[in-house]
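Pasting the structures here.
The two complexes that follow have chain A in common; it is paired with chain B in the first and with chain C in the second.
Entry: the complex of A and B
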């Protein structure tokens, strides 16, 4: 199946705290998801251009992210603003992080996985839905999707969870691990969907390990 | 079966354990450059090291046992300080690191990370500047001299901050040491070495050893100090991407503070060293 490039969901908005940086993996590629103190969400390649240290170990300082290794600081557009070893140096404009276009909408954080190209449309609309949790499942995406059923529209699956409407935004971590960002129809449905999701994960992981041991 | 080893990696001496840990009643199965080896001590007391049944040459020096899988064209490097009678030789033992041994050496050479990785020990964020230092290659070793850095607590015995003078010396691709001003013996230099046993291209054993004048701290205090420092570095080393050391200048961005690492990488490239390195842009 040849998939066109599209928005990839990486987190619930509520899980990306202001002033925090966290690692994530999409199709085997390491990214850092962070939020400035003022609230702007950022998604970058998880690697500082200096000596390759992962940005996700760094510190958010106001509207900038500082790398843990040598304290190099980068602004939200990716440009390096400070190299502490050379306090009087204005960092050359060529020194920058690799930033993806990130978008926050309807309670999810998305990114466009190809740098240097513009997204052709905004992320799928999930208006009116109630984000529940992110669920990481040790099973390949095709097994997870088969178990979810419902209708698939790009990265979004609309199905049912024990009789309740369920929307799942799919993030492929790698060939063996899939993360679902789950949304319920309303806040009232959240607890039941959360409970359902734990049983769903157990079922799918058991099936995946059966397949793996049979192989 | 992996590609044959290049001469720059094969024909060199490597540390494979501390002398105190190599005894005649134990056979340690380990690896060197991806090759299984067995390390023990023979009945006559000399180290006995075999690879696939073949006896390997051995050397015992600087508190450690050394071997080679090839034919080095020169003897093990010389560090005369270890022979001084009032030196304490303190070996810390191996720490395992999921990183290329070349990344370990480069991290050892770096001062710019002191305020951020070893905060309030080897540096403070308020004094991050790395002033210009000099780098030279002498007798096929990389030397960085006139290095200076402000440190709040430069050694186990220090109270209060000083500007420490450092000299760095890369003895071979996987072996590095530094000399630093000694707080308790002005005019003399402490020596701290990091010997790396490359297990796989991206997996190493780090074996630190000190040859110091310090008479106040116990061995345990000194080892704990070094271990604290090293475990802070390990967080960095295991999270650098790529794991292998890029030798192509375009892949990573150095500044003037990184001069010794720039020279180190170029020196490795000129030697044709490939083990633990990444040659092309990924």
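Entry: the complex of A and C
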């Protein structure tokens, strides 16, 4: 998925509600981000192993995610626990979702994009910041980063938004679309940063459109 | 043997049934933890499968579709009383 393996931000914690599942895309790969009722966040490949239905269409029941198509239920560890059409069947352990390691830290949901390997460090520390919004921009990541300026540390950019401190966690959806998970220095800065982000997006998308037209 | 466990022979006939289909069967069989074998012979897919009846049914239903370039016209299924190779479901 990523050329250099590292934690990838996929959502602001406040946007992943308990009992909900949502789709996300990272480097063209489709994932589902969901949270159990007790609050544990999970990131899986967005395909049920049964017939390929997207898990993100499914529904959370307690600590499990059920596929919308035939109701197969999967526990937070990815194992299938129940197949409604065959209630007496104990699903074998080989029927399981493809789960990524997910972490929640400092207001962001991160995942490790290589299954079967262990992260060598925790996600970047972004303590003390206030979540603003996730901003999806129709422009390549390198163009977005160039427009942001500031200092880049892996997936995290520290810069300014109209003179206010801004931290952006960068999620590359594909070659043409980039999502920034924006955090401000304080709650008081949130409205101004949100307003700034709209103008930023318009500016960057206009530039991307100009580049595409010239090509 | 668990009373719910079946041993069956399934033969799929159709158009374009190829090695991709064999890979498809292997994937499903491993996913469902079935024992047995799959072979491509004379354009037909021949499966020998042992496992819970419900999971064999699921594999059969999946095989009725198969990979997109394959078209299954006929499925023959019969109880198998012969031996089933030990170990992981395999291509022969």
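The rule is simple: the second predicted complex is superposed on the first by the 212 of 215 C-alpha atoms of A that agree within 3 Å, B and C clash if a C-alpha of one lies under 4 Å from a C-alpha of the other, contacts with A are read in each partner's own complex, and residues count from 1 in each chain.
Keep this in mind: a contact is a pair of C-beta atoms (placed from the backbone, for glycine too) under 8 Å apart; a residue touches a chain by one contact, two chains touch by 3 or more.
Everything numeric in this text was worked out from a predicted model, so none of it was measured.
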* Overlay on chain A: chain C relative to chain B, clash or fit -> clash
* Considering only touches as defined above, state whether A:30 meets chain B (first), chain C (second), both or neither. => first
* To do: Determine, under the contact definition given at the top, whether A:95 touches first (chain B), second (chain C), both, or neither.
  => both
* In the superposed arrangement, does A:49 touch chain B (first), chain C (second), both or neither? -> both
* Asked: Of the two partner chains, chain B (first) and chain C (second), which one does A:57 touch, if any: first, second, both, or neither?
  -> first
* **Partner chain(s) touched by A:84 [first = chain B, second = chain C, both, neither]** => first
* Which partner does A:202 contact after superposing on A: first (chain B), second (chain C), both, neither? -> neither
* To do: Based on the superposed arrangement, let me know which partner A:68 touches: chain B (first), chain C (second), both, or neither?
  => first
* More chain A residues in contact - chain B or chain C -> B
* **Doubly contacted residues of chain A, that is, touched by chain B and again by chain C** => 49-51, 83, 85-86, 89, 95
* **Contact set on chain C toward chain A in their complex** => 4, 30-33, 52, 54-55, 58, 62
* Asked: Can you list the chain A residues touching chain B in their complex?
  -> 30, 46-47, 49-54, 57, 68-71, 83-87, 89, 95
* Using the touch rule from the top, collect the residues of chain A that touch chain C in their complex. => 49-51, 83, 85-86, 88-89, 92-95
* Asked: In the complex formed with chain A, which residues of chain B make contact?
  -> 106, 110, 112-113, 115-117, 125, 128-130, 235-236, 239-242, 246, 252-258
